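The structure's right below; bear with me while I get my questions together.
Should a chain be cited, it is by its letter among A, B and C, assigned in written order, with residues numbered from 1 in that chain.
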Amino acid sequence: MEPVVHLRAAAALLGRFPALAGADLDVASGEVVLVRGPNGAGKTTLLRTCAGLLPVVSGEARVLGHDLRTDRRTVRRHVGLLGHGTGLYDELTVADNLSFWTRAAGADERDAVAALYRLGLAGRLRDVPVGRLSAGQRRRVAFAVLVARRPALWLLDEPHAGLDHEARDLVDDLVRDAAAAGATVLLASHELERAEPLAARIVTVNGGVTTEAAGVA
Amino acid sequence: MTTRLTNTDRPGDGPPAAVDGGPHSTASPATRVLGVLVLVASGVLAVLGLVASPADTELGETVRLLYVHVPVVAAAYLAIVITTVGSVAVLWKRSQWWDLVAGSAAELATLLTALTLVTGMIWGRPTWGVFWVWDARLTSTAVLFLLLLGYLAVRRTTTDQVSRATRSAVVGMLLLPNVVIVNRSVEWWRSLHQDPTLITLDPKIDGLQLFTLVFGIATATLLLVWLLIHRFRVAWMAQRVEAHELDDAIAVRRAEAVGS
Amino acid sequence: MLREATLVARKDLRVELRSRVTTNQVVPFALVVLVLFAFALDPDRGVLERATPGLYWVAVLFCALLAVQRAFAVEAADGIRDALRLTGIEPAGLYLGKALAVAVQLLVLEVLLGLGVVVLYDTALGGWGLLIATCLVATAGIAAAGTLFGVLAAGLRVRETLLPLLLLPALAPVLLATTRASEAALGDDTAEGWPWLGLLGVFALVYLTAGLIGFGALMEDT
């Protein structure tokens, strides 16, 4: 079966700079892969490239059966990215944001609300402007939108950042449920003790190039 | 595709060989022939315009300026058409070649439009006594000049090549429609103010004068083509250099990563 | 596509309602412009009166610049552009939605500026049919062009200076047409004014088409 992610010597540009210089990666359907590496190594670039957000200029790059060099637009609809920025409108309330982002993606708003409850955010926050939430709360709102979209490929960039212990457990639960339901997950994280148990494999990125580490049980 | 890692260049090496073993300059047999043609034609035009053709009954000697002004305008509009067509092609076919053509044509169009304005003003001084009047032609040309400056500004933004090409193409494809709309509206506007003392730029001309004018337009067109070919080649080579720099940058980044 | 356009338009207007940037900053700016014109053109000498239609529309154009800048500043927050691209939303729908939101805000501004002109310059309004039609069609064109150039300038560091350079020359014919039409309306000479609406209509169509074509490419490549 074709891997969900297939990269061979892929190079991607951030503006004019080849932030990704040579990525080799194969991820099978339903796998959870941990991506680690020092800051500035290219983890975020790798995730964004797989999301179809960055132009691939050399090598092979296929995600979910689509060629990233020619068909990035189709890829985007089927992936979910939790990036550094929350991608939420600070001026709008939690409810407004959930409503807009799920409807824009053709997803069900109620799924997002349910996911938000699962992530431990109380209902009374629904009418609070996102700008007034803490960083951790904002990430959870963004996560809820991602969950509601039910993408085939999850790309999570530091999903535990800014969250307290309880919330981190809730995030882990969601990731496990997603994998169990058949989604593929690429997880970039600094917090190795927490992230490693979730993953079946570890990939290291350094200087825009990937190297595979031994598999983790 | 061969790449050279920049850190293996030794200091005393001198200028690098031509990229990809390609051309060393933008000239070619075709452009040399064309260039000679342009020179000859310009010479003939000068003779025709300055000496051979008679002074106009209405405009006197100043009509000779028209032999430069009108051809320059014509060439400017031709360049704009090329830019617009090229811009549409960039968006439609994602063609980099057309992007370079559109960009080069736009630069030349700006130059020619500036010349149009200048020759128009030089013609205006003895004719109307002032450097500038808000008549239909000059006004439209001024707006056109501003539109072109906008295009060039977009072209100079520092982003990657694809992004710059797309942005320029969006502005470029609107050039011709903009020009048409502006010309129509300004003409209409100025026609509401029937000013009998304002002489139009189109005196009745025929005979040798007409021939000189048409010959001038042909010369300007040849000149435009010649300049366009050279400018395009310069742009093409610059783009090749950029592509090689990118390959180098990728290779360097890889080497650093593997070595660390 | 229309569904997405309304979704986006409502979102933009909701952002404006909650943040009130246009109400708190652009409206006062409009008033400042009107006052400055009065300073420059000495109300006692009748120049201001004759120039009112033109000045009004120049003020509208300046406000349009601010409104467009604001519309895209909203999307500049971290992660929103990525998120928008990932939703798979049809670029044409996004374009129409944003243009619609800009148009609505502009119409509100035009009404307020109109009030300002009546009060401050003692203008007598007339030719209502022509005036309203002019405002509607012109606003469509201004919003269409503004949104297109707005997204073009959006990702760039030089966006604040590039947008006026691109938008204002392109809007020159609109200024021409709206001023002539307004003069005709106010001067009870409306037959003279209606033809200019045709030009405004053509302009709006050209830019809407360009926007629908170009917005997608711009979202994709930049």
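Here is the rule we go by: a contact is a pair of C-beta atoms (placed from the backbone, for glycine too) under 8 Å apart; a residue touches a chain by one contact, two chains touch by 3 or more.
Quantities reported herein were computed from a predicted structural model and do not represent experimental measurements.
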item	value
Chain-level touch network, classified as line, ring, star, complete or other	complete
Maximum centroid distance from subunit C, chain identifier (CA atoms)	A
Contact-richer chain pair [A-B vs A-C]	A-C
Central chain of the complex, centres being mean CA coordinates	C
Chain centre separation in whole Å, for subunit C relative to subunit B (CA means)	32
Cα-centroid distance, subunit A relative to subunit B, in whole angstrom	47
Whole-Å gap separating subunit A and subunit C, where each centre is the average of the chain's CA atoms	38
Residue list for subunit C, restricted to those that touch at least two other chains	220
Subunit B: positions in contact with at least two other chains	159, 162
Subunit B partner contacts - residues on subunit A that touch it in the complex	11, 13, 15-18, 21-22, 55, 57-58, 206-209
Subunit A-touching residues of subunit C, taken from the complex the two chains share	4, 7-8, 11, 14-15, 18-19, 74, 77-80, 82-89, 220
Residues on subunit B engaged by subunit A in the complex (per definition of touch)	159-160, 162, 246, 249-251, 253-254, 256-258, 260
Subunit C partner contacts - residues on subunit A that touch it in the complex	48, 51, 53, 72-73, 76-77, 79-81, 83-93, 96, 100-101, 103-106, 129, 142
Subunit B contact footprint on subunit C (complex, rising order)	148-149, 152, 155-156, 158, 162, 165-166, 168-170, 172-173, 176-177, 180, 199, 202-203, 206-207, 210, 213-214, 217-218, 220-222
